[in-house]
Structures are given as C-alpha cells and as structure tokens.
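Labels run A, B, C and D following the written order; every chain starts at residue 1.
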Amino acid sequence: MMTINRLDLADARLLIEGAAHKAREIGVPMCIAVVDESGTLIAFERMDGGKVTSVTIAQDKAYTAAAARKATHEYNAVNVPGSLTFGIHTEVGGRLSSVGGGLPVVVNGEVVGGIGLSSGTPQQDMECAQAGIDHFLARRPQG
Amino acid sequence: MMTINRLDLADARLLIEGAAHKAREIGVPMCIAVVDESGTLIAFERMDGGKVTSVTIAQDKAYTAAAARKATHEYNAVNVPGSLTFGIHTEVGGRLSSVGGGLPVVVNGEVVGGIGLSSGTPQQDMECAQAGIDHFLARRPQG
Amino acid sequence: MMTINRLDLADARLLIEGAAHKAREIGVPMCIAVVDESGTLIAFERMDGGKVTSVTIAQDKAYTAAAARKATHEYNAVNVPGSLTFGIHTEVGGRLSSVGGGLPVVVNGEVVGGIGLSSGTPQQDMECAQAGIDHFLARRPQG
Amino acid sequence: MMTINRLDLADARLLIEGAAHKAREIGVPMCIAVVDESGTLIAFERMDGGKVTSVTIAQDKAYTAAAARKATHEYNAVNVPGSLTFGIHTEVGGRLSSVGGGLPVVVNGEVVGGIGLSSGTPQQDMECAQAGIDHFLARRPQG
C-alpha cells in the first residue's frame, strides 16, 4: 500500500488566489487551473476577460506539471528538433504541454499537485503560476 | 451585432457556494462546474472527496444546460428508445449529457450560463444545482 | 472511374434559405447544415438565437443523412433495444445521429447531399429540413 | 453579470461575402468560416472547389483567432523551437491553429468574433480573411 499526499480544495484556492493577485497586478486576466498529484482538476477560475482557448490550455499545463512532475517550460527547453524528447507535446492526445506556464507544486520534496496559467505571454503565465505557489507556501496551514 | 448577457466570475462563485453548502448539508462531496452562456467554463471546484469521473461529468452537464438551454433531466426524459430524440447523449463527442444534475441559469428570462453537479445520485446532483441557483438569485448584485 | 453528382454551394444556399424561412415561420431560430454526398460540409448557418450545441448536432444530422443515405428519423425507428441496429448512434465517434432532423437530398433518385437542422424539437427540425428540400427542388436551376 | 458584443448572422455573411470576392479575384476557391467571440461557428461556406481538409482548418483558424484574440500568423511567429510558446498548435485537441489565415474581428477595440480561411497558401488565406474584414467594416450597419 502507498500513502499519497495531495492538495485539497483549500490549498487549491490559495494557489488560485495568489496567482490571480499577481495577474491583476500585471493587468492580464488569466485562466487558472489547479490539479492534484494525479493530474485531476481540483479547482479552476477564469478571471473576467480570460481567453476561451486558455480554459483548456491552463488545465493542460497544470496536468502536465503535476502528472509528469516537471514544469512545462522544462519540457519546452528539450522539445527542440534533434533532442530525443522532441515531439513530446503531441502526447496524451496533445494534452502534454510544452508551453511555459505550468508548475508542479512541491511540499517537503514531493509533488502534491500542479498549477497552470494561460492568457498572457508564457513569461507572464509563469510569473503568475510562481506567485500562486509562493502565496500557497506562505499561507498554507502547517500540519 | 448582438449583445449578450453572461455570468461573470463573481456570479459563478455564488453558484458554487450555494451548491456546495447544500452538498455539505446532505453529506455528499461534489464536483461543481459553472459555465457561461456559450458553454465555456468559468469556475470549477471539486470538494474534497468528489469523484474523479465527476470532474468531466459536472462540466458536461453545465455545458449542456447552458449551450442547449435545457436541464439535463429534461433531455433524460426524452432520451428513451422510440422517442425521436433518442441517442442525443452521444452528440458533441459525448459531451451532451442526459444525466440529471445540469441546470441552465436564467436571469430576466435569458439563459446566461449553466451549472452542473456530479458525484451523488442524479436526484442529489439536481437538488444541489438548484440550491446553487437559489443562492445566486438571492445574493447576486442587482444591476 | 465513377462520376458523382453532388450539391454545389448555390444549391446549399437554396436548401438553407428554404429551411430558415420555415424556421422563422414557426418562430424557432435554428442551426442549419448542408453537406455533400460524401458527408463533407458545404454551408452552415446559425440563425441568431440558434443553440450552441446545435452547431455540432445539425452537422452530424446532415452528415448521417448524406453519408448513410438515410433520414436520421429512420435510424431512430430501428435504434431500439432488441433491434439488430440498436446502438448505431455511438458509431463514427458518436457522429452518426439517430435524432430526427437530418434528411438526404435526392435528385433523380440519387443522394447528392444532406441537410440537418437542430434547435427545435425533432419534429420541428424535420419539418424545417423538409421545407429546405422542397424549396431547393422547386427553385434549383434545371440542367 | 457581463455584457458581451458579438457578431450576428448578417455580420457573418458580410465577412464571408468579402472574403469570397477576394478569393474569386485571385482564383482560389476557399473554405470560409466565421465564429462568434466564444469561438462558436456562426456561418460557413465552402466555395465550389474548396478543399475537404480546409472545412476543418478554416473553422479551427476562426476559432483560434476569436477565442485566443490573436491572428493565427501571430501564433505562427512564436511557435518555433526554443520559444516558450512552442507546441501551442497541438492544444485544445489540435484545434489551436498556428497556420496563417485566421484573424480576430475587432469592433470598437473589442474582439467580437473571428474569420478563418483555408484552401490557398497561408498568404492567400490571410489576404482573403483581411478582405472579409475590410468588407464587413465598410458595409456593416452602424449601431
């Protein structure tokens, strides 16, 4: 038997809250998705003005980051012609995202979920995703 | 050009809040999805203990209710062998749901979005979806 | 080698025009799709107020009627438990529609395309599809 | 609640008319799709001789341009190995198009829909899409 640690809904809300705060600060309404360690959606919010395509993209980034335990921009770096990883972005029906903006959420060295942002530039999406994680780690109830 | 009214994120949160309150009351953790009038996701929450399959089902119910402007249990009633509507549930890649638990959200006689619940019995899902709408209509800011 | 007769764009517009005229007459804004004999879309119109789900359903009805050379309500009649055809509506990824509202377009005994309507009841959809065909047959340029 | 402006069917027909006129001028029969601001199809025409694959591609270009509020050729420019956006074209089940020929339709600074063309070179598709927008903006009824 295994015991798994994963984000709960209260954690997911903290992640979204921190990411949305940064998104408002930089003036880009975002789609924000949080998934658990298995890649399954826990919570999602489309800020007023977030893009329709980003509803899916944010979820796919969060899924990739959690389920592959790797930031989507790390996949981006190796998803270049000639690299043995090239083409990874069409896997899992195209859900595996190599576009910056998906980060694994790590607690005590363990991936417990993922967060994905979409609607800005990849750099903006990454910045807001990180802000969500920082907010979560600072505010989460300590067990 | 047409002018359309749709739910915003604050509205979606009210809908989820009301549905989740009822779900806690009856002791069934739910997946709760709210979409706009075009069927596009605005907000989603999986209560701790909500089912994995329900992540998709709740979204499909909300999509159907808003985009077809019809409660999913109304499709259920006509989706029987011999009815001319039989087989509708496999449409739109199977997203069109005829399982009870999806309700259109109507404001001033106009469908402005939809709510979908999943994890309980269809009857429980329907009850919680209605509770979300009641809460939203009672609390929403009046324009 | 084979020679195939199929609807052209001018024909498709006549079919849509006739169907839309009837839809306005009965007061139900419809989605209207016309495909060629291979099931490939030629023209589509969503009347203002047509349902979002009907965008796909109308196309699937037209596809089924032309590609299977059978009205969707004829599939409906045999898509009942116990019939050897039961379950046909999940075929072709769920595109094969057994919901009334799709009719083959027949010229000189040959299926040259299909028309599919969605947004009303199946009976209304069927009535408007037939009106489209009647209009087309009355007005089409004779070769 | 939010209020959204979107193209209606009369607008969509103007967009198609302008694009088709240019397509005839350059001698390339096109598939032409117009969607609303949520990416949902309003109208579609395949000119006689338009390509079968283009039925889907034109719709995906229009969807992308409207739902991501970005011309598909703009995605093309950043969809190169080494860019943080690389791989975006497989998102949303591959519907997100980075092939030139999809343009957002902007009225009063707001994206109200999208137009997508396919069957020519991307340059030809882009030229005809722009011609559709120019025609629409010149002829549309002023509110």
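Quick note on the criterion: a residue touches a chain if its C-beta (ideal position, glycine included) is under 8 Å from a C-beta of that chain, and two chains touch if they have at least 3 such contacts.
By chain, with names taken from UniProt: A, B, C, D = DNA polymerase III subunit delta.
Worth saying up front: this structure is predicted, and the values here are computed from it rather than measured.
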{"item": "Between B-D and A-D, the pair joined by more C-beta contacts", "value": "A-D"}
{"item": "Magnitude of the superposing rotation for chain A and chain B (Cα, nearest 5°)", "value": "180"}
{"item": "Geometric centre distance via CA averages, chain D-chain C, whole Å", "value": "25"}
{"item": "Whole-Å gap between the CA centroids of chain A and chain D", "value": "29"}
{"item": "Between chain D and chain B, distance of the C-alpha-averaged centres to the nearest whole Å", "value": "31"}
{"item": "Interface hub residues of chain D, defined as touching at least two other chains", "value": "2, 8, 38-40"}
{"item": "Pairs of chains satisfying the touch condition", "value": "A-B, A-D, B-C, B-D, C-D"}
{"item": "Of all residues in chain C, those that touch chain D in their complex", "value": "8-9, 12, 38, 40-48, 52, 55"}
{"item": "Partner chain B, residues of chain D touching it in the complex", "value": "1-8, 11, 36, 38-40, 107, 112, 140, 143"}
{"item": "Complex contact set, residues of chain C against chain B", "value": "48, 51-54, 56-57, 60, 73, 75-76, 79-81, 86, 89-90, 93-94, 97-100, 121-123, 126"}
{"item": "Chain B residues within the chain C interface of the complex", "value": "2, 38-39, 64, 66-69, 81-82, 84-88, 90-94, 96"}
